[in-house]
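The structures come next, written out as structure tokens.
Here chain A shows up in two complexes: once beside chain B, once beside chain C.
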Partner chain A sequence: MSSPLVLLPGDEVPSEYLPATNSAPLRLGPGLRLLTQPPSSSPSSSSPSHVLTATQAGILSTDNKRNAVSIFSSPNRRYIPTPNDLVIAQVHHSSQDYFHCMITPQTPHVVLGQLAFEGATKKTRPMLKQGDLVYARVLSVGLGAGAEIELTCVNPATGKAEPGGLGHLTGGMVFDISTGMAARLMRASSSSSDQQDGVAGLVVLDELGKKLEKAGGFEIAVGRNGKVWVDCSNGGDAAVKATVAIGRCLTTIDEHDLGPADQKKLVSRILREMKIDV
Partner chain B sequence: MNKEAPLSITERDFILNALREDVRLDGREADQLRPLKVSFGEEYGHVKVQLGRTSLIVRISAEVTKPHDDRPFDGLFTIAMELTAMGSPAWDNGRQGDLETYVTNVLDRVVRHSNALDTESLCILKGVSCWSIRADVHVTDYDGNLIDAACIGIMAGLQHFRRQDAVVKDGQVIVYGLDERVPVALNITHKPLSVTFHTFDEGKRVIIDATRKEEQASEADVVIGINNAGDVCFVSKFSGSPVDAMVFVDKTSVALEKVKEINAIIDKALQADLSKRAKNGMAEQSRAENDR
Partner chain C sequence: MVGPAATLTPLARADGSASYQCPSTGSNILGSVNAPVELPGRRDALKPEEATVEVFVKPGTAPAGVGERYVEGIIKGVLGRLILGRERGYPRRGVVVTLATVGGDSVGRGDSYLTLLPALLHTALLALLSASVPLSMTFSATVLAVSDSGEIIREPSTEQAAAAKSLHVLAFSSKGHLLLNESQGAFDFETWEKVHQRALAICHGTSAIGSDGDVAMVEDVDGQPLEGTIRETIEDQVHRDYAWKIDAV
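Entry: the complex of A and B
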């Protein structure tokens, strides 16, 4: 791939930047939208009737292996829901059919169906209280003003919680990060690579994973809405300290935009400060 | 939507459990402040305070007005604080929330009622004219502990501010411009600061300088206003669950230590600013021992 391509909202994605393989359907990440062009006046022209345009400013990133293309946006704090995003939502109250949740403070609540959980039936639905956290996927964002955003914890096609881990998050702790950092973490944790610089310039998860292996390892769930849930419940006595250490590493890297070398240094320094044996 | 988003059960439980093990989310000790940065703007009395992620701007201004009829020898001093949507999305413009009322009240009591600024020195001509000093506090980012940050800002601003010189000649009040006469520093009698404590776990855990999440998870807060000499000028236990009396006694000494620490930071920032101004050829104006 040549130099990174910066797109502004409304810009078309040049076709040479799309993944080369055409067999599988192309996956669109957040910040991109498929627009259908009206059929061109000259019927003989073989120009494609679809165009991809950016809806957010950012760097275009193409993943040939997964046949995906997405926009790498700036690490801003504002989250705009897009379908298929994984988010960490907080239950605000429940009604007959829905849990009303918050994905970002000071925005209208989003709805999560009471039965939108793996294996949930009318008799065995999860009893979520106010203030509980759920890891969910954005099912749909309505169009226009007053439209409700719907979340789900299952894949509607299979009835399974896909990818694994969707549902009620118990224990652990949630840390606030920027949406850009959340996107990077998502990429870093979804595709494990042996690159020296890690995925999306993040080595912190690999580094923490290595160092905390003896302490029982940890679980992590990244929400695109700028939240990351960390749990070290296998850690025994050091569980709380390890959780805080991970949270501090992530938030500090986010705030200071540290490079791979600094990330490694930071991880060792924070683990030493928190007195966690590695 | 003008409410602070409630904390999730997970966060609340974790903060409490971590405190039971003496661990705070940002790795601080129970009585350790977040990094404090005090800086000054171009003009006198323009202070920026950055306490962790809480940041605010204080602007001190002065104007000549008529004193109150019942106190002809006293000048006026007001603290104006408005929590606007600039500081946090949870606040609305033009609507006074509980937090605003509370913080304004505490600031009033710690700084104004403790006579930190000698209002009698603001009198120009008995019953006719006096200085009115106004401190405007603008919150630009909110991550807990607004009271202490605002207090630091106001006290630093009062020490940094220089008002125009005014004289009375034949019953006429003459105010000289900043470039005509050396501006006058305000008369600060003592330097009180507030230190806010938050209690957890039925009052067994007490921390200072709580972040927004810690504030939300806490049971109660205790504010102690104290100056460098150890004179307690304000104690409040406004709401929340009961707090043991010993906490007040114990934490007063912690507060004293912290106030000394914070005042040292303010003094250092003031000195640095003064020497910077001296370099810019304004040495004569800013030196304290100048003839007035």
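Entry: the complex of A and C
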């Protein structure tokens, strides 16, 4: 595979681009569908009876390890909840059994069980107020139209908040980014690499981490719904400035699609402008 | 002939948007798509397992009237066939397409909307692609005028369209099937066949048509097929969006 393949809706995926077949079944990601080929004119032809076609415009991405194939489409698209997505939700109000949260401003509220927190019991449940932020996992999106989406902050099997960090986000600040940028940030922050260009073309987190080491470092939580939460825990005036600076770096990189070199420049420039000594 | 110029995602707040400028008709359209959105009231009751497509056409200066309602209906029909309204997250939600004329000749009250229709359709398609709405295929459309002398004019200006005997808008899917045929005025079958052939050549190039000398000449006049222009616009945008991924390979 030399050059990346750009597909438009209705285009067939050429079979040489698919991951080499092994025992595991091929997983179809978003943007692709399986169609049955209409019986061709010559019944004896050995053409496959199924074809993969794209339903969204974007770049074809294959994962040989998981034997998966999907389409990376426009990064500005709207977030559609999928089970196991990590999202940042805001509590809107609470009822007897549930917190009703917002994950995107335009969709109906999603529910988060009052007891779906690590170590929560009927007696000791987290008291979340309106406007509080929660880092949660999408548990189910329901079947059919109009179904409620449910979030959870624990793994139902183990009762632990895994991966670590699920639950109430205290302090800090949330910034809006595009869904594509959120996916990139997730890959970049979950795997640290020694590459020059960073993971997914993002060096901003490594760069900020190095520069803000003296200021006490920072915490970051990325939600698939296009939100990123940033907090500098060391308190005081510098923490607020650093939080805002990190947010500005991330939103500017998202807006202008900056490459690794420009990201480094931007980090230095914003830190200088905000008068944060590194 | 100079092809149309299009930009994807010029608007930051919409889920998807496109601006489209057709040099021959001078029309300049800005389109935005929001999908999937919650519909107010019970407008989804008719088809509970499908997405509802809504199209709004806004003329540049005047409030929308009957002409806009009519063309909204046509665009809705075409897009309804294209959008996969049963994909995850789409049933009972709405796909709202808003198309605004921001430049060029706007259509006067009572005048034909057919001259503007291909530009509106292309803008809607590009905006849908930019919003990553699942589609079954893409298409390209063109408008042709037949003058009194029987000459076929591609993408006529407002004056040419007013003087023409008949006007035809044809859209072809990316597989080459006829998707839309709107005609107006007096014409016979023979004329329509010619118009159909010429439109197919404009949208898909001439390779699909037989090899007579007349058609080969048409190719030089029409330049790049519209299908290719649309594909290039998308590919450019994808390459810009995923520069970080492509450069890394």
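The rule is simple: the second predicted complex is superposed on the first by the 201 of 278 C-alpha atoms of A that agree within 3 Å, B and C clash if a C-alpha of one lies under 4 Å from a C-alpha of the other, contacts with A are read in each partner's own complex, and residues count from 1 in each chain.
Operating definition for what follows: contacts are C-beta pairs under 8 Å (C-beta built on N, C-alpha and C of every residue); 3 or more make two chains touch, one makes a residue touch a chain.
All of these numbers come straight from a predicted model, not from anything done at the bench.
Once chain A of one complex is fitted onto chain A of the other, the partner contacts of A:8 are limited to chain C, with no touch recorded for chain B. The partner of chain A that touches more of its residues, comparing chain B with chain C, is C. Shared-chain residue A:125: touches no atom of chain B or chain C. By the touch criterion defined above, A:247 lies against chain B but remains apart from chain C after alignment on the C-alpha atoms of chain A.
In the superposition on chain A, A:78 makes contact with chain C only, not with chain B.
Contact with neither chain B nor chain C is seen for A:168 once the two complexes are overlaid on the shared chain. Residue contacts after overlaying the shared chain place A:106 against chain B and chain C alike. Once chain A of one complex is fitted onto chain A of the other, the partner contacts of A:269 are absent, as it touches neither chain B nor chain C.
Shared-chain residue A:257: touches chain C; no touch with chain B.
Shared contact residues on chain A (touching chain B in one structure, chain C in the other): 106-108.
Contact residues of chain A toward chain C in the complex are 3-4, 6, 8-11, 31, 33, 55-59, 72-78, 80-82, 106-108, 141, 144-146, 180, 184, 197, 200-202, 255, 257, 259. Chain A meets chain B in the complex at residues 90, 92, 102, 105-108, 129-133, 169-174, 229, 240-241, 243-244, 247-248, 270, 273-274. For chain C in complex with chain A, the touching residues are 8-9, 12, 15-16, 34-38, 44, 48-49, 82, 84, 87-89, 91-93, 129-138, 173-175, 231, 234-235, 237-249. Against chain A, the residues of chain B that register as touching in their complex are 1, 4-12, 14, 17-18, 21, 23-27, 89-90.
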